[in-house]
Amino acid sequence: MAGDKKKIKLIADHISFEYDKSGANRHKALDDVSFVVNEGEFVGLIGHTGSGKSTLMQQLNALLKPDKGTIYYDGLDIYEKGYDRKELRRRVGLVFQYPEHQLFEDTVFNEVCFGPKNFGMDKKQSELSAYAAIKKVGLPDECFYHSPFDLSGGQKRRVAIASVLAVKPEILIMDEPTAGLDPKGREELMEMILSLKESEGLSIVLVSHSMEDVAKLADRIVVMDKGHIVYDDEPKKVFAHYKELEEMGLAAPEMMYVMQELKAAGFNVRTDVTDIEEAKEEILRIVT
Amino acid sequence: MLRDITLGQYYQTESKLHELDPRTKLVGTFVYLISLFVFTNAYVYIFAASFLLLCVLISHIPPTYMIKGMKPIIFLLVFTMVLNMLVTPGEVILTLWKLTITKEGVKQALYMGARLTLLVMGSNMMTLTTTPTRLTNGLERLMAPLKLIKVPVHEIAMMMSIALRFIPILMDETDRIMKAQLARGADFESGNLIKKAKSLVPVLVPLFISAFRRANDLAMAMEARCYHGGKGRTQMKPLKYRPRDFVAYLILILYLAGIILIGRYL
Amino acid sequence: MGIVDINKVTYEYIRRDEEGNVEGITTAVNGVTLSVKAGEFIAILGHNGSGKSTLAKHINALLVPEEGTVFVDGMDTKDDEKTLSIRQTAGMVFQNPDNQIIGQVVEEDVGFGPENMGVPTKEIWERVEESLRTVGMYEYRKKSPNKLSGGQKQRVSIASVIAMHPKCIVLDEPTAMLDPKGRREVIRAARALNDVENITIILITHYMEEAIYADRIFVMEEGSVVMQGSPESIFSQVERLKSYRLDVPEVTELAWELKKAGVPIKFPILTRKELTEELIRLGRR
C-alpha cells in the first residue's frame, strides 16, 4: 500500500446500503464502507454469510445503488448524470454464486456470445472474443457446439465464467467460484483463476470461504463483518488476527494453527505461515 | 423490486386475528368480498372500509404495510377507474378531444376503485394473518365435502401450500438471475414490447429450469419422508374451533346485518 | 445381517435425445456391494458424478436396483409393501437446503414426516420438540425456513428426519452448499446423533475433513467402490486418492510431505492435535 504507485481502478467511497427500507425485513447490509481496487490486483473478500460481501459486490457494478456514498471508476463518479452505467457493467464483470444457473442458450458458443453482443460488439468481434474466452477457461474445443446443459457441473461453471470474460472486463468479481465442486474441480478452477490473473493483468476480486485459497492467491484481503470492513491488509497480516476472525465465524488457514500450536509448545517457528509448502520448510528446520 | 410484493405473504406478529381458526377467516373473507358486491352505495363502502380498518388495528399489522401491498395492482386499479370514467354514459362534465367524462362515470369510477381496493386489502388481511399452511388446512377442511364427488381436495391443498412456500424462493431466484444477466449486459427496459418480451428469455429459461429442478428435488424429499397422499395421514395442528371463533362469527353476522341495513335504507 | 446390505447393485440411466431415442447408457452404479452395521458412522467419498448420490437413493428406496439387492434392516427395497417402513427406517437428508423443507414454519416441517406416518397429534408435538432440541434448533421452531442460514436449514432437515425415529440416516452431500460455519454445525449434529442416539450415519461428501471421524470410509469411482477401510488406511494412500480426483485433509498432506522429506513421522495423521503432538515429540526446541 504505502509507497507503491499502483493505479487505482475503483473506489467505494463511504457507501451504506439498507434492504427493505420500509418493510418488515429492514436491515443494514453495508454501513459506511470504503475500499479500493487497484489495477492488476488480486483482492480476497471474506466474511461469513450475511456479512454484507454479496451486497458490496453488487454495488461495485451498479446493480445496487448505495443509499449513501458513491463509487468512483477511473476517477469518475458512476452516479454522476450521464455516466454510462451499462459500460461500467462491462468493465466490472460479475460472476455470481452458482453462475451455471444463469445459462440459457442452446450452445456453449452462443451462451458466451450473449454478453459481447449485448455490449454492442459486432458479430465477428463477439465471436472472436467468445472464442478467446472459452479457450481461456480451459474448455475443450469439442464442447463449443454442445448444449451447456449437457456439461458437467464444473464445465458449466467455466462456461458461465467465460461468458463474463468474453466482454473483456477490467475488474472481474467472482462470488465463491468453487462452491459445490469436488476437490480436484476446486483445485483446477483455482489454477485457472490464477492463470487469468497472470495473463490478463486484470484485477480480480475473489469472494471465498476458503482461507487457504485466498491466502494462496490474494495480494490483499478484505474482511467483512456485520456490514463493516474490519481488516484490509496483506494476507499474513490479516491472518495474524486469527482469534478475532474466529469470533466472526471465520478462521485462519489450517497451517497457521499448526504453527501457533508449535510456537505455544516452545518451538521457535514463524507463525505467519499459510500454506503447506511454507509449513513444511519451517517444520523441517526444527526436526532435522 | 420483486421483494415488495406482499400479496399472499404471511406477516409474523401476535394478534387476536392471527389466532383465529383459518376457516373462520376464510368464511369471513368470503362474506366480506360478497358484501362489497351486493350494494353499490357510498355508505356501504364507508362501513366496509371502517370494518377493514378495525381488522387492521386488531391485527397489529402496520397500516403502511397494508398500503404497500396495493402496489402490484395500482396499474389495474387506475386502468379500471379511467375506463369506467370514460365509457359510462350520462351527464357530460368534461370533454377532452374525443373523450368525454360523465358525472355518472366519475361516480362509477370511485365505486369501482373503492371496491377493488377493499377487495384486495380484504383478501390481503387474510393471507397476512394466516400462515399458508393453516390457510390450506382450512381450505382443505372447508372443501372436504367435495371429496364425495371425487375432487382431490387434499392434493389441491398440498399443491397450494407448496406453491406458497416456494413463491419467495423463486422471487429471490428471479431477482438473482436478472442481476446475473444484467451483469452480462442484458437490457430489460429499453425497446418496444416485442424487444422487451424477447429480453426476458434469458431470465425465463434459467428460471424454469431451476423451478423444475426444485420441484424434482422436493418431490424426492417428500417421498423420502413417507409422503403418500392424504390417506392415513394425521395432523400436527388439527383445526379446532375455539370460543374466540364464535365471537368472530358473531361479529361477522353483525357486520353483514349492518351492510344489509345500510344498503337497504340509506 | 447389517442395517443396510447392498449386494451387487447396478443402476443405469438411459439418456434419450429429443425424439426419445436412446442416445446412450450411463452406468451410475456398477456392481456395488457394501454392508453397514447398526450404529456405525460411514463416509462415502467420491468426486462429482462418481455415483455416490445414486447409490444413496437406493438406501431409501427412492431408486430400486436393476440388478442386485438392497436390504434395509432386513427389508428388501424391491418389496413395494415395505417402502414406507424402509423410508422410515433409513431417513434421508439432501444437498440443497431450500429444496427439501416442505413446511412454512420450522416446526411444521419437522412434523411433516410423522404426519405422513399417521402418528397421533400429541405424539407429533413431542417428537417435534425432541428432534429440534437434539439439533439445537428448538428456539427457531416458529421461524420461517427462509429466514435461516444454510447450516440451520440443514439442521432442520436433520430434525425432520429424526422425528420419524429412524435407525439410520443417509446424508447426501449435506454440506456442499454451506459455508464453513454451516458445515461444522451439520457435521457436529450428525456426529452427535451417532454418539448419543446411536443412529447409524451414512455421510456422503467430498470434503475430506468430514470423513476423518467415520468408522469406515468407502471411496467410489465410476460407479464402483474402489477403496474401503478405516480413515487411517484410506488417507494413508494420498496419491491414490488424488488419482480419484479426491484429496486428503491439509494436516495429512503436510505429514505426507514431511514423511517424503525423510522425517520419521507417524503416518497417516488425520487431526491437527495428532500432528502437533507428533511434531512436539520429534522436534528440537
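Points to keep in mind about this one:
Per-chain residue numbering starts at 1, and chain names A, B and C are given in the order in which the chains are listed.
The rule is simple: a residue touches a chain if its C-beta (ideal position, glycine included) is under 8 Å from a C-beta of that chain, and two chains touch if they have at least 3 such contacts.
This structure is a prediction, so every number in the text was calculated from the model and none was measured.
Shown here, the protein chains touch in all possible pairs. The interface with the greater number of C-beta contacts, when A-B is set against A-C, is A-C.
If each chain is reduced to the centroid of its CA atoms, chain A and chain B end up 41 Å from each other. Between the CA-based centres of chain A and chain C the separation comes to 30 Å, rounded to the whole angstrom.
For chain B, residues touching at least two other chains, in rising order: 12. In the complex of the two chains, the chain C residues touching chain A come out as 47-49, 149-150, 176-177, 179-182, 206, 208, 242, 245-247, 250-251, 253-254, 257-258, 261-263, 272, 275-276, 279-280, 282-285. Residue ranges of chain B in contact with chain A, taken from their complex: 3-4, 11-12, 64-65, 68, 173, 176-177, 179-187, 201-202, 205-206, 209-210.
On the chain A side of its complex with chain C, the touching residues are 48-50, 152-154, 179-185, 187, 209, 212, 249-251, 254-255, 257-258, 261-262, 265-268, 276, 279-280, 283-284, 286-288. Those residues of chain C whose C-beta lies close enough to touch chain B in the complex are 57, 60, 62, 84, 87-88, 91-92, 94, 96, 98-105, 107-108, 111-121, 124-125, 128, 142, 144, 146, 160-161, 164. Taken in their complex, chain A has these residues touching chain B: 20, 22-24, 58, 61, 63, 86, 89-90, 93-94, 96, 99, 101-104, 114-115, 117-119, 149, 163-164, 167.
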